[in-house]
Amino acid sequence: MIQRDAKGQVYLGKWELLVQAVIVISLLDFAFETLPDLSVAQQLIVRSIEVFTISVFTLEYLFRVAFSRQRSKYIFGFFGIIDLISILPFFLGFAIDLRSLRAFRMLRLFRILKLARYSRAIRRFHRAFVISREELVLFAVSASIMIYLAGVGIYYFEHKAQPEVFRSMFDGLWWAVATLTTVGFGDCYPITAGGRLFTFFILIIGLGIIAVPTGLVASALSKARLEEDKDENDNSPPE
Amino acid sequence: MIQRDAKGQVYLGKWELLVQAVIVISLLDFAFETLPDLSVAQQLIVRSIEVFTISVFTLEYLFRVAFSRQRSKYIFGFFGIIDLISILPFFLGFAIDLRSLRAFRMLRLFRILKLARYSRAIRRFHRAFVISREELVLFAVSASIMIYLAGVGIYYFEHKAQPEVFRSMFDGLWWAVATLTTVGFGDCYPITAGGRLFTFFILIIGLGIIAVPTGLVASALSKARLEEDKDENDNSPPE
Amino acid sequence: MIQRDAKGQVYLGKWELLVQAVIVISLLDFAFETLPDLSVAQQLIVRSIEVFTISVFTLEYLFRVAFSRQRSKYIFGFFGIIDLISILPFFLGFAIDLRSLRAFRMLRLFRILKLARYSRAIRRFHRAFVISREELVLFAVSASIMIYLAGVGIYYFEHKAQPEVFRSMFDGLWWAVATLTTVGFGDCYPITAGGRLFTFFILIIGLGIIAVPTGLVASALSKARLEEDKDENDNSPPE
Amino acid sequence: MIQRDAKGQVYLGKWELLVQAVIVISLLDFAFETLPDLSVAQQLIVRSIEVFTISVFTLEYLFRVAFSRQRSKYIFGFFGIIDLISILPFFLGFAIDLRSLRAFRMLRLFRILKLARYSRAIRRFHRAFVISREELVLFAVSASIMIYLAGVGIYYFEHKAQPEVFRSMFDGLWWAVATLTTVGFGDCYPITAGGRLFTFFILIIGLGIIAVPTGLVASALSKARLEEDKDENDNSPPE
């Protein structure tokens, strides 16, 4: 009755979708819990949903352990450990101390990674990253140098004019991150003519360096899809 | 005399362009109506234009109903219902109550969808979306996970330093949306060293995930054009 | 002695570069003129540079008129008219009134278009735009609809919460322009939960529509270069 | 015992990686030095790290000079000069004056360029830039014209309404840089209806011009990789 995938792990069929829905519910519940003005009734609801989702995950974990063909491979594998970590803090919270629970709670975020199990998404992205790995490293280095130079430059241009805004080079680096990614929060910006001219040149040069890798990944991703289609065609019987 | 398209629906020929112009006028009129300091004379003009555009749309609707070959197919089809919905609130407004009119008015927005009828735009976009459907779902999931993790992270880094700005995790999620799309409104931003370093890594990783799909759609769109050209060539007689 | 291009127009050889430099100087001079706190001496310098650049442009214009083979074709052609318009306001300024000069001065901006004459840039861009024309129209329509819907939506979500910020639908439309292009000035942003959720969905859908055409133009531009290379190869003698 | 590369220059093998790590440490140390509230103990640590990194760089420089086969080629080559410049300010600082040290210190930034020596990154980027050189020049010209026209336009629209924000055309140009790169700091933005409509059209046209070259460089980069793979295949013996 129990379905198993190629590696002998339990596959829950249509129930997998349900587990995904419960994961999303638990993540939203996690966010609602931080709302500052929750009434006692609302806190109870949030807490109940928490208990419900933990129950589902616990049942799922036990089920997977019980019916896996290669039990130890599951328990000590990537997803087995994530499955355990995402429910453990709840039980440890009762055992040790209720107040330290909150810190453990953060680990519950790992639950989100369980989403990875059910879709082909990560696998394909992984392939695309392998294809464009070298370019991405190259980009990371270039972008880091660019951000460093931009941060140092703006600090020297603006430090005297705005000592409170650009207090140290780290403020300059933060400005460089927010500017070269074109986010531009507006918490700090150059006001001197030199600083503005510097920003102009930094942006003209820097935007290319920051924006290029997205094009690389896009083309790598379409290449990965092409290879996938090819593999499927090779495996299918000839017409 | 009446032109009809392949499905036997009324095609107004050059009048279609005129109807489009009237749609744009009615949409602008809708915006002008919300201006706070309109004089009585101006309100009268806005109202008159409204009555004029509704008249055109009503005539057009009746005309289409009267001369459609497959009348029921038009009336209960996508565009027939949109055509009706875009004029109905005006008449219902008089019938029921003048003040509740404003809420119905919002439905008038559906008029904009009528633009879809007249151009090949939507069809081509539709094709491109079918081609890159799988990648777009994959992107939506990745982007959602990324935004969730970024929102949770920034909340934990900044909540204590700025309890008024990052009140709950939902403020963190809002910040994540504004930052990872590089909009950066500047209504909330990290001020702690940890939060800024976290933002740096989130942006370096996240920008790719957010920006990649645009490249995917662009290549899918050009592929759709290629297929279209091919179809046209196949249908045309050999030289 | 006088060089002429294929159409019999005067070509100044190395002097063309010099004229370009003078154009850039006159544009910078135009900007310096608007500085609020110029001393009398500085105003004199700005004015002198203005007179100098106008002299160069006048001489150039007379030279071109005098030595063009098809004189009327130059004078009433695109560049002839631009060349005239870029110097005329200066002389008219003296003839009519010194104070109305400032308004005429704006026409001097047309000088910048003279840059177009000297480079192949515009021609190539033109070719790329012809290739991707249909997609760009399609994008313009989609982006306009998107911006309109976003503007109307945010107005309804935020008008009650921030009547001073989102006064009319036009403020909503302005917000939509600044947000969907990811500029995000931060002069207006949603504060209600509904408005923020709406922004999230608008951004996820809208970014694609706004960002796609850049990919289209990029691929069209490389296609235009390919065609250019091919044309050059076809014209060159076989090896 | 000493490894040498194809040009007879010293190659430090696994030690190269260590030197790179020391470069990163010295750059971080440079940033920490600017923090305003450092205690005496902290200043001592920062200073010690500085002395340590300078020692490593000096030893490395002497080692390279001593064991280079073509000594003069190294000393007067690009990297030899950078290696010297990155350590010289430290020693000159003691010799001349301790306070003028800070200005010399800025030259220490050249150290970052030493990173270039160790990776193939710059070489590949260089190749991609050569491929798309013409398009990038074309982009730079178009973007500059666009920014100039946008800056002048917004100045005329907003100068009267906000004389304190858009004081001169240079403020307009700064706004144009921040807006067309979609950074949008929010230190200045249009408030008049004309200025906002102008911004809308400028953004629709301008975004393409600014964003296109990133796609160009991305495709050039993948083309460069292709050529590289081809070169490697040509050099390898046939199977």
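Letters A, B, C and D name the chains as they come in the text, with residue numbers starting at 1 for each one.
The rule we apply is simple: a contact is a pair of C-beta atoms (placed from the backbone, for glycine too) under 8 Å apart; a residue touches a chain by one contact, two chains touch by 3 or more.
In this text, all values refer to a predicted model and were calculated from it rather than measured experimentally.
*Asks:* I want to confirm something about chain A and chain D. Since they are copies of the same sequence, is their interface symmetric in residue numbering (over half shared, so same) or not (under half, so different)?
*Replies:* different
*Asks:* Compute the centre of every chain as the mean of its C-alpha atoms, then state which one is farthest from the centre of chain C.
*Replies:* A
*Asks:* Specify the angle of rotation obtained when superposing chain A on chain B by their C-alpha atoms, rounded to a multiple of 5 degrees.
*Replies:* 90
*Asks:* With centres defined as the mean C-alpha position, give me the chain B-chain C separation in Å.
*Replies:* It comes to 29 Å between the two C-alpha centres.
*Asks:* What whole-Å value do you get for the distance between chain A and chain C if each is reduced to the mean of its CA atoms?
*Replies:* Once rounded, the distance between the two centres reads 41 Å.
*Asks:* For chain B, what residues touch not just one other chain but two or more?
*Replies:* Within chain B, the residues that touch at least two other chains are 170, 182-186, 211, 213-215, 219.
*Asks:* Okay, in this complex, where on chain B does chain C touch?
*Replies:* 27, 30-31, 33-36, 106, 109, 112, 115, 119-121, 124-125, 140, 143, 170, 174, 177-178, 181-187, 210-211, 213-215, 217-219, 221-222, 225
*Asks:* In the complex, go through chain A and note every residue touching chain D.
*Replies:* Of all residues in chain A, those touching chain D are 134-135, 137-138, 141-142, 145, 148-149, 151-152, 155-156, 159, 167-170, 173, 179, 182-184, 186, 189, 191, 193, 196, 199-200, 203-204, 207-208, 211-216, 219.
*Asks:* Using the touch definition from the top, list the residues of chain D that touch chain B in their complex.
*Replies:* For this pair, the touching residues of chain D are 182-186, 215.
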